Structure formats: structure tokens, C-alpha cells
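Each of the next two complexes has chain A plus one other chain: chain B in the first, chain C in the second.
Up next is the complex of A and B:
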């Protein structure tokens, strides 16, 4: 019966849902911040590369880029190193993830921890330990020299590749592992039941199902490695790479135009990958989702193979970390191995550590706070610019730190802001580079919360703000904590963006350690890295504990 | 329109975009009355409930509660209490805090009175002693009770229940049904109850509003809806029905009904002479047809389904498919497929008239 009997109601005017003034104001506020701290810096880099801002429009900087061997070499080196690192990382992540998800011994949990360990350290930690082992006075270098009489050097292209492989391994591993864990075991069992062996099942079922995640992981690692800034600086041995050259152009020569051009070459691939995974890969994930029960175990032969590869990776990571710890506690590792605490006597180092904790804490607070507020409004309120704001926040995640750093210099160095070197700008930089994580966590949590909870609250007499404060906020606490932990951890160890806007008075731990390592002050760099890692692990432990308590309190 | 109506709906129209989901619905609910909205999914029953609660705004019409027009007020300003289908308990709060939630927002309830009000509400739903529990530590029935107590403590002028029993298992459903009825009697609650379960609607309600495609089909007390449905939709939706179209002819000692589909099927009726020469549809509930082995109406059993207290036979009588519910005492024989079974027809039936009388 669809006949329109009521003639009086001819045009069904669709009434627009009203949005409360407070939420509307919050939306505009957040939009302004997203523009100022994410879009404006990137636009500034783009404009600067064409000479706009410093003069009239010109292509001379691009011309310079394509006619100078150094710049072309940096483009080539960055792409080559990133491609090789990505290939190796993906090849190692798959067996590692298979071993961890498809065996359930204490050892696989330990391996999982080891696989994720590099996340709590600054991104250049492996450059540091590679120098300790294979540097000019490295532990292995000396032994090798004594035995064979030959010189080896880790500095250069291949050193960067090795450091990148270890440093970015956990990023790919994390994504591939979670997708392999989510494969419904019955799908693999069905394949075996139908007569496929383990190898065939792996190739025809498991890997294709994890395919999107593997592709995604590869793309993200490639972009990260391409924009890698600290490893080329420390262990590149003077070879040209895009991000490190851009940094040197800014700090050494004040040549912001050429730095911007290099920045554009960093951002193009990041943008392409970002668009690709936001629009083409979206929804292709989780082909099957876990329906309870453990993952399908590996057969003994396959297990031995995966175990072998995983052990190699895990051992390498562990040895690298041990070298940093050892070098923190001896005079000069490999040369004078007497125990000392001298490297820890570094007052400015401790000041910068404290700065890092403060900056990371507030950045995490802002990032996940805005994340859940905007997540709530995106999921439930008819606020304007939803899609655009989500896009911008996620775009902030994709922009390479070096580009963001150059953009911040361009915008905040001079009038009207004069903010460079302030703690405030450091906080905003870290917060807005990670706000997308909090936002995604907020949106996905909101999708799990039944709208009837908010309706019940309203029905019982609470207005929209009270409902948000008393019902939505407590229920979003797990999402908030997830965003907070992630932002805090990444902010503690992040270098590439903040290094452009620190000042001698407001330095942070990670750039400070980078500087020490760059000056070959290996002992002090190790000591500070050690403390930084311990602080990050402790903070995370604390936050995890709180998170667990909260999530138990609010499950239904 | 009655004087005591506490809740009045006047000419409610609702569109979702182009879709016309509520069509000119008017209704008066009296104080202390339990009225049920029933209909298939998509009939608009939940939408109508949400219009009363303030979660949907009607396109046209008025909602008047206790003399006050409330249809422009947001839900938090309405003195209605809603129990949601999934209960919507706040998972991060204890039972006590869930019940206290609305009370703390009411400025006219002094803080020192809250505790006793909360305890009273929990006692009314027999949950005293559960104050400190979290919703996740309660069974489905207990969660339901908290959801009710959470509303009751605010003394709502009308309680809105949105398929409250659909998530409970069969036994618990019966218990909660009685419980809601008991609370209604004890506290003189006015309740609007939404369900798609016709048996639930018949057993719990004072009046039933049957909806289809956003239109009121019938509004009546349960016996009237069951025995005297106004149209074939109501007849089939509320209970099971054999609907036989046919005509009524006069004989010397009364009226005889003759089926259109199988003219051999005729039986006498003891009804008024007005029907003489007219057409209509006869409603025979399955339990109204009896098994009578001596009857001249010998039907063939097509299917027999055993229900414990009764047996449902799908039979064929002169080509007319019928189903009947035969009570199942120990003495009765259970027929099987292919058996012949004699049927007895009642002499008083409900007739749904056809619009046009047949010319004689």
C-alpha cells in the first residue's frame, strides 16, 4: 500500500537534523586547527618549491633539481634503498607472522614482543648499533680486520638499507600479523580437508586472504623508508638521500626553496599511496574474520622453516638492542670495555628527556581528545565537512615528517606566529601528525556503541552535552587510551619533523640522541637511547594497565 | 474522545524521505491503560513509539501528554520513559548508578531522597541487593528489570516499551510478561508496548492497535481483535485463520453459507437474516472447527503436526484447504496423512463483509 492517501502532505520536506551549537563550534574549531597544523604547512612547501612566498612563480628550482647530479642521486638512492628495504621486510614479515600466529608456545609470544620492540626506540637505533658493531672502531670491524687484514665499512647505501630493514620491520609485521590472525581457521582447514597440503593452502588460501594487508604494509613501509631521514644522516656516509639532504639544505644553507622541491618529491609518493589505500583498498580488508578458536597450526616441516627465519630476524634485533645497552655501560665499546656510568652524567640529556615526556603527553592528550570528539561527531552528528576533516586528519598521518617540518618552518618561523622553538609548537606538531589515529579509533568505537544508549540517556532527561560527557566519553575511553598510547609512543621517539622546529633551549630527547650519534658520541647516544626506551616501555606498561582496568569496567 | 486520555496522538503523519511510514494516526490512551502496537516489520509500530518518545519528529500531527503538547520537545524534556529493545543499560555504571542517572538530572528531587527512591524502584522490580552489580554481570531478565526500574524511578507519565521481551528466552518471556502486567496494576502505569508477537499482544494488553504499512487496521480490546477482526489482514495477523469467501442464502430455518471456491462446501449459520443475499468472508479459527467422526463433512488429512496439547491438521474438504486444531486428550486418536476425518462447523462465526451486496 504505497498510495499517497494524505493529499495534504504533498511534499515531504525532509527536516534536517539540528546540530547543537557547541558541537558546531567544536567542528569549526577543529577544522581551523586541522587546516593550520596539517594542510597549511604542506601547501606552504608546495608553493615554496615554485618560489611563491619568496618571490614570483618560477620553475628554476625544479630545473636545478633535474640538472644537478647530487639531487638526482638523492632521488635515486632514496627510491632504491626504500624498494630494497620494503622487499626484504615483506619477505621476512610473512614467515615471522606465520610463526607467531600459527604456533602457540611461550616462544612465539616472546618473538612477537621482539618483533614489535623497534617501535619503542628512536627510528635510528639500528644505525647506532650498526656503528657499534661495524663502524670504524666497531666490535666486529676490529676482529675482522685482525683476522683478515681487510677493512670493512658499514657507512653508505647498504648500511642505510640494513638499518631501514630492521627499523621498519615492525610496521609491516604488525599489519600482516593482525590480518593473518583474523583469518578464520576453518577456511584453511577446509582447504586441507579438500586435499591441499599445507604449502598449497598457504599459497592458495592464506596469503591471498592476507594479500590486501601485505600490499598495504608494503606500501606504507616503502613510503616510510623513502622519507627516512635519520638513518641516512647517521650511517649514510655522505651519500645523498632526499630527506636528509632536505634537512641539510634547511639547516646548513637556509635554502628553503630547494628543500621544498625535495619535499615535493617525498610527498608525491606518500600522497599516491595514501589515496590508493584510502579509496581503492578500503573495504578490501578482513575478507574473513576470526570466529573464535585458534589459528590453524603449521605442520612440523613448515613450522621449522618459519621458526628458522623468525629466529634469525629476532636474534638480529635482540643483538642490536643488546649492543646499545652494553655500549651505554662501558667506556668505549670494543676499545675500552670497563664498566662506567659516565655516559649517564648528561644533565642536558635528562632535561630533554623530560621535555619529550611533557611534549608527548600533551600531544597524546590533544590528539586522542580531538580524535574521539571528532569521531563522535562524525559518527552521530550532522556536522559539516565530516569527510573533508577525516581526510585531512588521515592525510596528516601520511605526510612525511621532513615535509611537515619544512612546512612548519615556512609558516611558524616568522610573522604572525613566531612559534618556532616553543614547546607549544612541538606539541601541536606531534598532536596533529597523529590525530588521524585517534579519529579512526573514535569512529570505529562509535560504530560498536548502540545509539540506543545515547537515546536512553536523553530519555532519562540528559541533554546532548550531558549525554556526551557521561555516556559517550566513558564508553570511548578504550579508544581514547589506544590513541593516547600510540601517539605518546610515536611522539617520544619521533625525530624527522620536530628536528626542524626545536631550539637549543627546547630540544627533545630523540633529536638530541640523533645529534650525538651523528657526532659519533656512541656511548652517550647509547645511554640516552637506553633511558628513552626504558621510559617508553614503562609508560606503555602503565597505560596498558590502566587501559585493561577501564576496558573491564565498561564491557557489556 | 475520552476525558481521561493522558496521551493523545492527533493525525500523526511521518515521512522518511519519500517513504510514507505513518498515515494519519490518531489515538487516545487512557491513564492506567496498557496499549499494544502490533504489526509486521515495516508497519511503523516502532516509529510511532519513537515519535511519542521524541526520537523521531512527526511530519504532521500532534502528540499531547497530560494536556501538554510535547511534540516539539527533545526526548530529555519529555516525561516519557522508554525501555529499549536491547535495554541500553550504561555498561560502565553499576545497577544503582544506572537507576540514579535520570534522578540526578532532575532538579526537583532533593539529593537526600534519591537513595530511597532508587531502592524502592529496585524493590519494585525485585532487584534489591543487586545495586553494586555491573550490567554485564546480570542475566537478560535482570537487565530488563534494571531498564524498567531506571524509567520507573522518574515516575514517567507514560512508559514506552519497544519489543522488550524479544531478547528473552520463551520461559522468561512469560515471566516478564506477568511482571509488566503486575507493575502496571500495582503502580497504575500507563504503558505503550510494541511487539510483533500477537500472542504477547493479546495476553498483556487492555487494547491493541494493529498497524500495517503505517495505517491503523483496528484498535480494540484483545477479544474483539481476535474474534471480530475488521479485515482479513487483522484476521490473519492476529492468530491463525481459515478465511473462506462465499455467499449467504436464506433457507426456511435460517442462513446457509456457501463457499465460492468449492460450492459443495455449505453449512448452516445461526445468524441474523440481514446477511441473506450478501457476500462475505467467513472467519474460522482453527480451534473453532471440531473433530466429529459422525459428521457429513469428511475431509482428507494432508499433514498432521503434533503440538503436545493439540494436533494441527491440514485438511482438504471439497477442494478447500483448511487447518484445524484438535485438542489432544489421551482418548483421541491422532490421525495421519491420508486419513479421513470428520469436521464439525460452528453455527456462529465472524463475517468480514464484502463492500458490495450481491444482487439477488
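Up next is the complex of A and C:
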């Protein structure tokens, strides 16, 4: 990737020019932060798994991993669940994306929104609704049992798979949708003009063109599902999974060595996928169109098929959300369905929501600000270590939250960086896990901007800093906003990493909801989830509004 | 756009500053108490003393792991709600617990308070079974009356038990069995019980909720978790197994080196005061101040639970548990 970005055709960086002191200082500063908040925690986990830090080098913990059935089981379960979820998600995302991009009714825009809805909720929300609906006394279960006489149970492996499918669906759908939208319609038209039917065109033209995006989406979903820790905790019914077991090893037994070993097995697949995607998939991006034409419509039969599948998915997602809302507003869903607001009388819940908003806001500011600045320097300045830094920032995106959390426990719980228990640590944790998003947005934006613009500014006598402030910063604002919105949204609902570093006074909403779910307080967990979802949607709406206003102003 | 972001930043920064610089003293605490009772306690403290509390709730074993890992820089000023057996471990750790001689605790019998003032027992609770009678009836199952009954194959997959790896309720259950039956027999019992257990939960209160929602017919849990669900209108009952149940003295303590030592002492005073004990009595079966009645009006069949034995053998028992069941 770096080859494309750093050396974009006529980048001034090529000219071996001296880098200004300010940018050099910024580079060293960012490098130090990337090391401290991304690399060091991961290294600490790696060392801990070999017993270094607690004693001398040993392979004892790995030996234990390979000789105990439950650890191997957790590895197997995690990989199997992630593989199945990924397969199902990709199979559902393709028709959903086809339907949304190739029809233009009000319904398809509604579906588009529904497809993205799971992003604004904590990742374990579907476990809650699944239990309400399909638990041993769930609304659906009872009917099913009466009709068939069979007993079904949602707890366990398959419950986790279904929850993952729902929770990670939007990630794959988003990527596949945008690639399908960008396929040049004339290619598909040409195929049909030459006599291929719609099915053949889809199979031979559309899907291969979107192939890279589909593969990428699948890989990302796989990594996310593998690192999933909250669904196994709530709906796993005691089945072993890597991330949740690592969490329980830390919190329940203070066995950091074994947790680190599990962490290493989480990180190996993530690292492989990350390397594959960063170095092998780059440059194979979809043949995208600049024509701006509308996508080809589907023929009626195909449309019905895609519509059918999409409707099932959309309905399922909506029903899940409705269950959460319902259970927030009734006494005990399924047992006593009288309306109540009792579940909302939760003072500490509201305090934690506020904490979440503050922490996510600053995390998004830092992640996007640093990411963009680094993106600019990567694309334009001949700063030292830029490939290594870019790698580190992007790697931060791929590290499973549980591993990061354990690493933070290992590093920040003592000298020289005693930060445990501070809001600052939570902010840095969330910021540096997402700094790669801002970086990528910054780099790709800089590639679209002609360097002659900056050159002109400099020729007219503005110094490099003035040029950066007056020319580059305004141009990068949309990229900043994109990074900001994404980081804010993910930070609001993230649990897997911060759950290790919250403390009294710095508790956050999502881990609090997980704790409520853990005490099986479904009503209150639903009420808090409901408010969290509303807050995230409102914040996103506000940001979108500001962005739109800004982009209109800037066009004038 | 940039301006609005700047102003947003300024607003949030100001809000954060005011939140930190409030006039009242603030105590940070860890607890294993359930969220709702802890919120009631927190407002009780604030009303009576003006001290604000910041609380992180965890299961007992999780809280202990955390304290053990953070010691000597524990990230909280005090603990309100913890197993007595952990207090007995903690008092032997160097510089873990602070001594404080509270004037409010004089009426409380000596057995409930550490002579050196390092921990204060404010209430006690015991193991009990939450049974969903509707569900039992529907499936033609008998109401269990003893620990032994739980081994009956009719309950296969119908029992929810917390995991002693995280839950103090579960450790109380396991260590009670060992004191009642002897260790060997207790392990055999647990092995057999495992066949009937449908799910191991993290939290000790969860099995009560699961039985209440009808997810499982029987939950092995603690008294107040069941009473709370009954009050909320769930169709469950409490059963005290006839062999007798173990109980735990629930304790509070101040960590050595607490940042807000004085405010934490105020909280300890409050817990021992009449107002504090009366509030606690609304949420607990029994409190340690004589003349303050808790929530129950019957004599639970408590065994003479040996918390010292439990604290001394905890690590060994837990290692064995992990070998067998994890």
C-alpha cells in the first residue's frame, strides 16, 4: 500500500527536500504515541505469554494450552463460529447490496438504513434480543415447542453465530454496497447487449468486479467475529471461546499468562489477515466508474429474489431492535407485559452514558486529528519511519480488543506510565485503536489533491506551516469528519478493550450494559441500550448536519 | 465546521472540569453488591453525609483479582460489599487494609467487626435455591428440597449455577458443600451436579433472574437476589435446602493509602449508623446491628460456616475446580 500512497506520482516528498522542524517534531511525537499505545501493549502480551515479565522465559503456558481440551476447544469454537458467521454474512450481504444499489424505491433506501442500524448498538445487543425471543422461555420458543414438541435452545455455539451474523452484517454490507454502487453500469450493459441474461451478467461481470471488496469484507468480518467477546459471554452458555475465556482468565483468576497465550492465538489470524489485505490486496481494487451513471436495474425475477432475501434480513434486524425497545418499556418481557418506565430510573447508568459521550468525543478528536496529520505527512513529507508508522497505525485497527485490553493492564498498571483508572487512558485506548481510519482517509484525500495547489501557495510566499494551515487543513476537513464520525460511533459502543481499564468514576455505558446483562437484568440492560442507541443516532445526525452545512459553505 | 468543533471541545472540557471540581468529597469504591441496591446505598450516603460515591460493580472473585493485581496501588478508596473470607485474606496482606476505629459501630457485636478495625461486617446473606414452580409443574418435576435432590436426573439441564471462577455466591456454595460433606464427597457431588447444570453464569445473582424468567427451573443463588425478583413480580419461590446453607458476612473496608481516607471513614461511619443499617435492612435479609430487622421473617437453616477455613483453602479449591470443570 505504501508504494501507492507515499510515492504518489508527483509528490513533493520525492524531491528529498528537507522536512520542516515542526513536522519532524510531530512525526517523533506521533511515533512515540503509536509505540506506547499500540505496539507496546501487544508486545507486552506476547512477552507475557512466554512468562517474561512474571519470571524467566518458559513454554509452559503454551504447553498447557495444547494439552488442555478446553483451551483447544475455545480455539476451535472461535474459528468455527467466525468462519460460519463470515460465510453467512457474505452470502446475505451480496443480495442485500444488489437490491439496495439496483433499485431506487423508497423501500430500498429504508433497507439501506436498516442494514447499517446494527452499527449504532453495542455488539452484544442481539444476544439480548435473541434470548428474549428464542431463550428457553422465549416468545418464539414457546410457540415452537408447542407446535413441534421439540426443545430448542439458543444458548451455545449457534446462538453466538446468529448474534455475530446480525452484529457484523453492516460491516460487510457497507463495503460490498459501495463497491457495487461504483461498478460502471456500461460494463453490465455491454454484457447484456451481447446477449447474456441477468444471472449470467451478475455471475460473470458484477460479482468478479466486486470480488476484491467481497473478499476484503469477508476478511474483516472474520477478524471481528474471531475477536468477539461479548456474545459468547451472554449467549455462549458456558461454551469456550478465545476472547471471552481470555477475559475470564484475567478478571476471574488473574491468570495473565494464560490469557496472554489465548491473546496470541487471537492475534495470529488477525495479523495474517491484516498482512494479506495490506500487501496483497492493495492495487486490486474494483474497477470503479467515474461515469456517475445509475446502476443497472434488475430484471423482475432477479429483483424478487433479491428483495425476498433482503426483506428477511431487514425484518430480522428490525425485530431484534423492537424487542430491545419493548423490553425497555415493559415490566418483564414475556412474563409481565405492563408498561413501565422503571428501567430508566438508573442514575449511575446516566452518569456512565455521559462518560461515554465525553470519552468517545475526545477519542474521536485525537484519532482523527492525529490520523489526518500523519496521513498528510505520509503523503507529502519525507519524514523518517513513515512506512513503519503507517503499518503500526493500521495494525492498531486489526488488534483484537481483548488483546489490547490485556496489554493495557500489563503496561499501564505501574511505573513508569501509571495511568490505570484515568479517563485519559480510556481516551487513548479508543483513539489509538482507530487512528488508522483517519490515516487512511487522510492519505487517500491527499492523493486526490494536486500538490501544485500547495506549491502555488508556497510560491506566493506562504511558509510551509501557513500552507498547511490555510490550504491543506480545509481540504482535509471532510476526511477529518469521516474519521471523527466513525471513531465516535465505534467508541460509544465498544466494550472488549475498555472493560479491562474502567474503574470507579470512569465506568462507561457499554461495559455497564454488559454487566447488567450479566446479572440477567434484561429490562434495565435494554433501557440503557435504547438510550445509548438514541444518543449515537442523534450525535451522528448532528455531525452529518454540520458536515452538510460545512460542505455547502465551502462550495460557495 | 472547525469552529463548531472547537466550541464543542470547549463545552465538553468545561463540563469535565466542573464534574471533577465539585464541592463535595468523592469516594471511589469497588463493590460486589447488585447495581440497584448499590444505587440506593449511594444515594443514602450522599443524603446523610454529602459524600458522593463512584462505584465499580464486579462479581466478588473479579473484584478480588483486580484488587490483588492492583495492590499496593488499588484504584479505589474502599470496598463496600465483599465476602468475609476475602477480608480474612486481605488482613494478612501487607498494607492492603487501613485500620479505622469507627464510633458508630459500638452496638454491633464484636464478632462482626475486626478487632483492629480493618473490616466491618454490615449484613449477611446465604445461599438459597430460586425455583420456578410454574415451570416445574409444567414439566412434571418435583420441587427440590435438598442439595441431594438436585442430583435427580429429572432436573437434567434445568439448573443454573454461577461459576466460582467469578462468583462469590458460587464459592460460598462450593465451600459450604465441602464443610457439610467433606471435600472428596463434595467433589463427587459437584461432578454429578454438572450433568444437571444447564448453564454456568458469571454473576451470582443471574441464576435467580434466569429462574425468574423461566430460562431454567432452578437457580442456585443467594437470598436477596430471589426476594428482589419476587418483589418485582416474577413467579418464583425460595427454597432453603434441608441440609442447611452457608452464609457470608458481607464486609466493608478502606484500602491502605486511600486518596480520600477521611471521606471513606465517613462512609464506614454511615454504614454502621442507624440510618445506614436501616437502609441496608431494606435490601438484605439480615444486618449486623441488633434490633434492626432485615427482610426475612423466618429462620433460615444456616450451618456454622467456617470463613477462616474457606479463606485458607480457597486457592486450592479453585485450582481443583478449574482442573475439573473449566
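Rule of thumb we're sticking to: the second predicted complex is superposed on the first by the 520 of 556 C-alpha atoms of A that agree within 3 Å, B and C clash if a C-alpha of one lies under 4 Å from a C-alpha of the other, contacts with A are read in each partner's own complex, and residues count from 1 in each chain.
To be clear about the criterion, a contact is a pair of C-beta atoms (placed from the backbone, for glycine too) under 8 Å apart; a residue touches a chain by one contact, two chains touch by 3 or more.
Predicted, not measured: the structure shown is a model, and the values here were computed from it.
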Checklist entry - Is A:518 contacted by the first partner chain B, the second partner chain C, both or neither? => result second
Next on the checklist: Tell me the contact category for A:186 with respect to chain B and chain C: first, second, both or neither.
Outcome noted: neither
Next on the checklist: In the overlaid three-chain picture, which partner chain does A:458 touch, first (chain B) or second (chain C), both, or neither?
Outcome noted: first
Item to check | Per-residue contact with chain A, leading partner among chain C and chain B | outcome: C
Next on the checklist: Taking the superposition on A as described, I'd like to know which of chain B and chain C A:450 touches: first, second, both or neither.
Outcome noted: first
Next on the checklist: Quick check on the superposed pair: does A:475 touch chain B, chain C, both, or neither? Answer first, second, both or neither.
Outcome noted: first
Next on the checklist: Which partner chains sit in contact with A:466 here, chain B, chain C, both or neither? Use first/second/both/neither.
Outcome noted: first
Checklist outcome for this item: Both partners, chain B and chain C, contact chain A at residues 477
Checklist entry - Once bound in the complex, which stretches of chain A touch chain B? => result 1-2, 4-6, 8-9, 12-15, 450, 452-453, 455-463, 466, 470-471, 474-475, 477, 553-556
Checklist entry - What does chain A use to touch chain C in their complex? => result 70, 131, 135-137, 155, 233, 237-238, 248, 250-254, 331-332, 334-336, 346-348, 358, 361-362, 365, 409, 413-414, 418, 420-421, 423, 473, 477, 481, 502-505, 507, 515-516, 518-522, 524, 546-547, 549-550
Item to check | Contact set on chain B toward chain A in their complex | outcome: 13, 15, 17-18, 20, 23-24, 53-55, 57, 59-60, 74-78, 80-82, 84-86, 88-92, 101-102, 105-106, 134-136, 147, 150-151, 154, 212-213, 215
Item to check | Complex contacts: residues of chain C adjacent to chain A | outcome: 1-2, 4-5, 8-9, 12, 15-16, 26, 28-30, 34-36, 39, 42-43, 54-59, 61-62, 65-66, 68-70, 73, 75-76, 135, 163, 165-166, 198-203, 205-206, 208-210, 212-216, 232-235, 318, 322, 326
